[in-house]
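In order of appearance the chains are A, B, C and D, and numbering begins at 1 in each one.
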Amino acid sequence: MRPENIYVLELSKQVDPRNRIYLRSPPALKPSQCTPLFIAAFKKRNAGCCIHTHSQWAVLITLLLERRPANTTLFEINNIEQIKAFGKGFGKQGNLGYHDTLRIPVIENTPHEEDLTDTLEAAMDKYPDTYAVLVRRHGVYVWGETVDRAKAQAERFVAIFNTMHTFLIDVSLDYLFQLAVEMKKLGIPWLSDIA
Amino acid sequence: MRPENIYVLELSKQVDPRNRIYLRSPPALKPSQCTPLFIAAFKKRNAGCCIHTHSQWAVLITLLLERRPANTTLFEINNIEQIKAFGKGFGKQGNLGYHDTLRIPVIENTPHEEDLTDTLEAAMDKYPDTYAVLVRRHGVYVWGETVDRAKAQAERFVAIFNTMHTFLIDVSLDYLFQLAVEMKKLGIPWLSDIA
Amino acid sequence: MRPENIYVLELSKQVDPRNRIYLRSPPALKPSQCTPLFIAAFKKRNAGCCIHTHSQWAVLITLLLERRPANTTLFEINNIEQIKAFGKGFGKQGNLGYHDTLRIPVIENTPHEEDLTDTLEAAMDKYPDTYAVLVRRHGVYVWGETVDRAKAQAERFVAIFNTMHTFLIDVSLDYLFQLAVEMKKLGIPWLSDIA
Amino acid sequence: MRPENIYVLELSKQVDPRNRIYLRSPPALKPSQCTPLFIAAFKKRNAGCCIHTHSQWAVLITLLLERRPANTTLFEINNIEQIKAFGKGFGKQGNLGYHDTLRIPVIENTPHEEDLTDTLEAAMDKYPDTYAVLVRRHGVYVWGETVDRAKAQAERFVAIFNTMHTFLIDVSLDYLFQLAVEMKKLGIPWLSDIA
């Protein structure tokens, strides 16, 4: 990947995320279908970075939720130390506490990725504090408000992965997703009543 | 591995895949038993690359299928985003959609790998759109029509692994195989009725 | 991570672990909440190094123990060769034997990591020979008395990872935690009556 | 690890494996307890290399066997392609076939590793064709007759890992051990009646 292969656009110039004005648009490539989704995170949450992965653990979480009799569109986990790596929410000071419940909404997948934009934005509206949205049978979108904020969210690892802050949030979430899948295999519930 | 250790043959000159004419044939080595199988992919599917692995996930998929009461020779999965990384089939435009079912035939293993050639070719004939054939208790053969086509099939990863396109298709398939094994452990079916 | 980002303090000068005197305290950072816990290992056990991880296997062990009807605060495993990698205890000569039981206490997690100090010290007092303390739903603290001692505990790997002795003890423990989780999945008990 | 840290002894000069004559014996170290076991492989099987690991998969295999009502000291697997990577046995031409059963004896662990020597030699005598011996709750010993033989056993990978032949045999076996553990989790038997 070379600089000339990277799409460049100015956020403030975008009126319709589906009709984008590019500063650089490599002629031999086509822009990612994720672009309007990234723009949603940048605009609605003032995100400094947004990451999309097809993590198998994320996909498995959405599949496990799908089979539940109720509440199939919300991943919730509490009383796990790693939850403290996530901020309280957009515009809020500080991070979640150990006893707080981390909630990540799940939206249904669509044949065309750009069609996820409306439900992703609706999930952002319904869960204004979330830093991530799971997409059923697909993966996860994760963002951080600013570079410094992203660093703060990932405080524990930042010394090691100093230059990789955009990747860190996702690593942390993927840790929780993998842990949650293993908990399921061992019959341990994701939510508990510990004070 | 050095250049002089690589077998070289001209595809158009091969009449009998078992009686091959080599441009270079390292005297101290013996050619892989996979060669006629690779030639089948090159000739019947105009493949630009063909990969064979003994992926444990691929082997486990064939073992899980073997124990089913019916339909033991076809791996099918649908409604998983990653399916969109695979082309619709040989000579067809575009990729599979999210709701499409990815089908990969399974052939029975034989004591000598070259004896797989006939059943591999038969599986290619029966499933003309497949880009892969699983071999029971053995592994998987995966191919791509051309380098560009292989890139298109792996669109999502191509920015990261730009120079490794031949490996990418297999990585994508292995992702699905591993996911399918984990789904089985968690009691989640591979096929679903989502619109 | 650069030298000027590392906190430096003189152990002998510390009276109150919560009110620490630093030789270097990077102004742009805040010290880890783990610091009083590391100091406890350094002071009470004369540790030359102390490591803290959020290993998923460690967390899963504490979750599995939590669900037991009794004895939920002690991980015990015996009759596994790798146990021989651990010393008999603080100030004792030699390592555990194959038939010995490795015991690692579990303390309950708290919202603020520094509040673990008292229970960690109490666990050290109750299990004076342990080289590690698990923290429920959180991770593990592991220490080694001296560099040489840490090396001796990890004798088997030291030829390979010669310069990484501080990491080794944890690797060894994580090996046991992962093995124990897999044993649980396969219905194999952690304790047995062999000889 | 530097050359002067490696023990050197001449095989033909060794009369009593427990009372060894060294060409070089690093004064600051103590020789591995595995030494008499390696010598057994070198002398009884003319091995050119011998490897010992604590692979978790190997340990889990011995634990699964231990819980069987009968035949707890023999790991058997057949009808898996990867079996073809192993030679027919000491002094025999060619490799195992796909339908052949790979058999690896299990010996009971002892508190002191050197005390395994007699039972390891007895297992070698009882299973003269094996290239490996599992040690219950401990790990595995694997050897290859000569470098060329080891290469031939690992034919499939040798192009990739050309200079690492000693490691290859173990990788192959570990592949089978891991596969067998996953088969157990999914309820698939290790032995089958295929042709």
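The criterion applied here is as follows: contacts are C-beta pairs under 8 Å (C-beta built on N, C-alpha and C of every residue); 3 or more make two chains touch, one makes a residue touch a chain.
Since the model is a prediction, treat every value here as computed from it, not as a measurement.
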{"item": "Chain labels contacting chain C and also chain D", "value": "none"}
{"item": "Interface sides of chain A and chain C: same vs different residues, half threshold", "value": "different"}
{"item": "Chain centre separation (chain B, chain C; CA means) in Å", "value": "46"}
{"item": "Rounded Å distance between chain B and chain D, as computed from the means of their C-alpha atoms", "value": "32"}
{"item": "Where chain D touches two or more other chains, by residue", "value": "185"}
{"item": "Touch-based graph of the chains, sorted into line, ring, star, complete or other", "value": "ring"}
{"item": "Of all residues in chain B, those that touch chain A in their complex", "value": "79-82, 97-99, 156, 159-160, 162, 175, 178-179, 182-183, 185-188, 194"}
{"item": "Parts of chain A lying in touch with chain B, wherever the complex brings them together", "value": "1, 5, 54, 56, 59-60, 63-64, 67, 109-111, 135, 137-139, 181, 184-185"}
